[in-house]
Amino acid sequence: MEQTIDLSVDFAGLKLSNPVLTASGTCGYGDELAEFMDVSKLGGVIIKSITPAPRKGNPTPRIVETDAGMLNAIGLANIGLERFVHEKIPILEQLGTVVFVNVAGQMIDDYVQVVRRLSQERAIAGFELNISCPNVKQGSISFGTDPSQIRQITGQVKAACGAKPLIVKLTPQVTDICVLARAAVEAGADALSLVNTFTAMVIDIENRRPVLANRTGGLSGPAIKPIAIYLVSKVYQDVAKPAGIPILGGGGIRTASDVVEFMIAGATAVTIGTATFVQPDTATRVIDNLRNYCERKGIRSIRQLTGSLQ
Amino acid sequence: MKNGVNAGHKGVFTAEVLSNQQIRENYYRLNLRLDAIGSRYFQSAVPGQFLELDLSELPLPPEEKIPPALRDSAHRHILLRRPFSFSDVIVLPSHEGPCVKLEILYCVLGPATLRMMSLTSGTVVNVLGPLGNGFTIPKTLKRAILIAGGMGAPPLLHLGGYLKRHFSEVQTVCFAGARSCEDLPFTLKIGNITGLVLEEFDVLGIPSRVATDDGSAGFKGFVTECAGQWLSDNRPHPKDTILYACGPEPMLAEAAKLAEAFDLSCQVSMERRMACGIGLCQSCAVEIKTGATQTEYKLCCKDGPVFDSRKVVFQR
Amino acid sequence: MEQTIDLSVDFAGLKLSNPVLTASGTCGYGDELAEFMDVSKLGGVIIKSITPAPRKGNPTPRIVETDAGMLNAIGLANIGLERFVHEKIPILEQLGTVVFVNVAGQMIDDYVQVVRRLSQERAIAGFELNISCPNVKQGSISFGTDPSQIRQITGQVKAACGAKPLIVKLTPQVTDICVLARAAVEAGADALSLVNTFTAMVIDIENRRPVLANRTGGLSGPAIKPIAIYLVSKVYQDVAKPAGIPILGGGGIRTASDVVEFMIAGATAVTIGTATFVQPDTATRVIDNLRNYCERKGIRSIRQLTGSLQ
Amino acid sequence: MKNGVNAGHKGVFTAEVLSNQQIRENYYRLNLRLDAIGSRYFQSAVPGQFLELDLSELPLPPEEKIPPALRDSAHRHILLRRPFSFSDVIVLPSHEGPCVKLEILYCVLGPATLRMMSLTSGTVVNVLGPLGNGFTIPKTLKRAILIAGGMGAPPLLHLGGYLKRHFSEVQTVCFAGARSCEDLPFTLKIGNITGLVLEEFDVLGIPSRVATDDGSAGFKGFVTECAGQWLSDNRPHPKDTILYACGPEPMLAEAAKLAEAFDLSCQVSMERRMACGIGLCQSCAVEIKTGATQTEYKLCCKDGPVFDSRKVVFQR
């Protein structure tokens, strides 16, 4: 069957060469990965959260392994808006892939400031709004669980995006994620990203202290995948599909089969996070295997998969 | 793969286990032969660098071989790679390119190192490396003072051999400490002049001293105290002497103080819990002084693991 | 150190010989387990959900394995109140352990009916109110996420308990579990049980259908343990400790170390569920190893552990 | 442990792998020797019962040996035990008590069976069993008709041997079907009269017929059609004949229809995804008729896996 398979997807007004992106906070500023794979083959990269001022992040230990997962409490460590623009954007311009920047802050103005500045950069294709990071004390978590705050922040940040798309990243630890998804969509989100990590804790039973210096951290990795699949399918059915808004799905993806599962559940594109730590070229391997799946199943365009759950 | 498979770069490859010997309760010596790609990456690896092993598919050793204290945690399957230094790198040139053999010393502490016990000759493991920046050896170096605490031994053993091979004029002395005699990942023997010495350094012609917290072997007390006495007696010249230290963080902090007291420069090899080893996750932060009161976090995996002791803000 | 170690705990007015119980839905009616261990050595057993009328449960597949976990959608299959009383209580009387009955239903009256009837049985020590089972369509999930409904059902069921204690089992998938915990405590709960399973989904990518006949199921097993530890520590600090109410902790427990972790986080007693499927005598093994931990750490009474997180 | 270690009871114990041979692509034969406790549990195990293996600590076979279709799912670590029938149980009495050897035929389908490939002679596995209720063999039985579909073979192979050993007067015939020749977990050979027969039944003196959906061996069509033709030709007496069937559910449903058409009683061995195997979790429900229109769920692991075909509500 010598048939070329179309892996490209339309995502929030952009055409991505394939649906596989690297997740925010797990691919640095995009440059380190270039030593392990051809980054231009990716659907895109999502740069770790950028805040207006540099952030040192939390003391260590910042991570701990769990069964089929890990907790992290990095604390949004980043070099800040200015250094990012001057040191990293020139590198990103060379990568030849679609670059999204994840944006975080403590007040709405922080987000707006970063987005307004970066919306002028040709190298940046769009933004992912991190309103759901569980590790920042003063900050964002309250934004992430209250629909009216989501509406407010989404609206204001969207206004600062210019023509660039805004992805809103939702926290999974809420009673009804659809309420929040709807709020984001109503306020102008161009795409929804789910799921972020789950707040969790590991205790060292020898000294009776939490292992992480931050006490709690966000659980990521294969452990959370079945919850993420459920949430993607729910948000797709109840919000994204009716609104015609794409979902960027993720949580525990390691293989092409996992990507297919997320797409069937309703994702248009996906993010790979924790898996990259184990195998730095996971994303490009997955893209190759996606092609194999499509070939085996006689699928000409991978877009057919999105939301095809029976 | 912007850079291709070249010396000085890092990558993912496989290695074959040549041997995996128990050297003491809970201490093992693992010898690996890297594949052609890995050999190219590692041919110019330097002491203080490290690698990451994927141990997630190894079976557990049989129940009765698992130390009782680790039986509970043994059930956890492994997701992330684990970082290890190497205690030796041997490059065998051949016309098909270099062939590299690596030695790793490891201590069984948890689910991953437990699974390493089950490695046998012929097993193939997946390796990521070489990672990080190793020890700096200035051309002007005349004296190297190595201070190893517990499992801080491997990179310093490597450094000892490396100095002998490439900087044979440097005078080296090694101090190795541990809580107790059984926690020293070395072979002890009676030296000619100095009492107990380390076989592994002795064969390199490097004089060594042993210290144990409980006095079960050599000097009774911290290895930094032992080194401190020697420094008082020998007063090496600050300009051409470097202290190289690897071990638990409190020991490194003491080594840093020692260096300050004797006005020596000191390189410490730090450890942090690492998720990626290649600068992606920011989990391995080390606090570094950038001014009189200012600090920033550097990455142990990428900017380290070796840092100038004067710059490091040690924890606790 | 020939020192006897006291493993007993006070739990909701009962003295349990040790803090280890088998979780509802994972130990049948208590009788099957007797072939694998001495059930009288347990802190107690929690019988699977009993409803007024028998329930056939969901079609199969009812389970699917995931990374370090499993989904179940049993659908509260049970023999119903009457058959339970006549067929199972005589067996339970022989087991020589403390028996709690998990109670489920579609309306508050269902719960009240079961509790009122069973409160007359000497063999039953107390009740666990299942207001959080994610697999019953018409039923309980809404009870579990709304504080005013929790107050109402807890109050009415408590009134039917007679002198027997009532444990309220909370769902973990809410924005703020403390709000619900507080509602249960205010309405008379004698203990809080957490966590129940997380709603999740696995999709078969060959036929694009959910693997489970019920489409979704509840995720249990080691995968969820770090989230459960976090929630127990949070509910302990914010609700249980101030109110003087014990927590029954669980989610992914496999070993004595796991039990210790839950107790340090704030649990007075714990439940073992999924692990029993792999090793039927997990609970009694864990009890033996708890003794070893206490010995090693010089702990005379295991009660010292509860809430001892630094 | 209410019941102690007795024949007829079940429990957890270990077994040693005697051999693990590939018999065809993706099909393997595993031979186990049970420990003393297991041998006592299994000495009176009957065909149709099963066991559960803990395969969670087995390593994956090397990447190149993993069928491409399973490479993705291979990464999943295993939590739950896996159920397997046995194709033979051999009890060797000794003065220290019985010693039982078991044979399992398995097909590589997913992460657990993939890991089973790495079992080698001497490996110790953890076993739970014997579980469930096997086939019923009434004293009055004169004729047994075995219908095996795909991996339904093992318990019927066991049943064939068992009948020969303990009910030598029963006339047995076996029909084995699969999608294609390569999916038959048997050795085929040319029989004297009937064309292609199964070696494994031939050595027992049991006549056999082969059917494949694609006609690549024996009768072209479903095994139940093949058995149906034979029934039409032979018309066995309803009172003393039983159909024993094991295989995919649609095949069992066909076997049930066949039994009804020929007024025979029929026992089917069912499969369900099982979490516990011992009646704790209710995951393995089989819908059973309790009246004209009423049904209830029975447990495959505890009440089955063998059920009277007239009682079963087959799925789909």
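Letters A, B, C and D name the chains as they come in the text, with residue numbers starting at 1 for each one.
Rule of thumb we're sticking to: a contact is a pair of C-beta atoms (placed from the backbone, for glycine too) under 8 Å apart; a residue touches a chain by one contact, two chains touch by 3 or more.
All values reported here derive from a predicted model rather than from experimental measurement.
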{"item": "Shared chain contacts [chain B and chain C, defined touch]", "value": "A, D"}
{"item": "Euclidean distance of C-alpha centroids - chain B vs chain D, Å", "value": "54"}
{"item": "Mean-CA-position distance for chain D and chain C (Å)", "value": "36"}
{"item": "Residues of chain C engaged with two or more neighbouring chains", "value": "66-69, 221-222, 257"}
{"item": "For chain B, residues contacting two or more additional chains", "value": "56, 76-77"}
{"item": "Arrangement of touching chains [line / ring / star / complete / other]", "value": "complete"}
{"item": "Residues of chain A touching chain C in the complex", "value": "66-69, 71, 145, 173-176, 198-203, 205, 207-210, 216, 219, 221-227, 229-230, 233, 252, 257, 260-261, 264-265, 293, 308-310"}
{"item": "Touch list for chain D against partner chain B, complex", "value": "57-60, 62, 77, 124"}
{"item": "Residue numbers on chain D that touch chain C, as the complex places them", "value": "1-3, 9-12, 54, 56, 76-81, 128, 272-287, 295-297, 302, 315"}
{"item": "Chain D-touching residues of chain A, taken from the complex the two chains share", "value": "68, 222, 254-258, 289, 292"}
{"item": "For the chain A and chain B complex, residues of the former touching the latter", "value": "25-28, 32-38, 48, 54, 56-57, 59-70, 72, 74, 77, 221-222, 274, 276-281"}
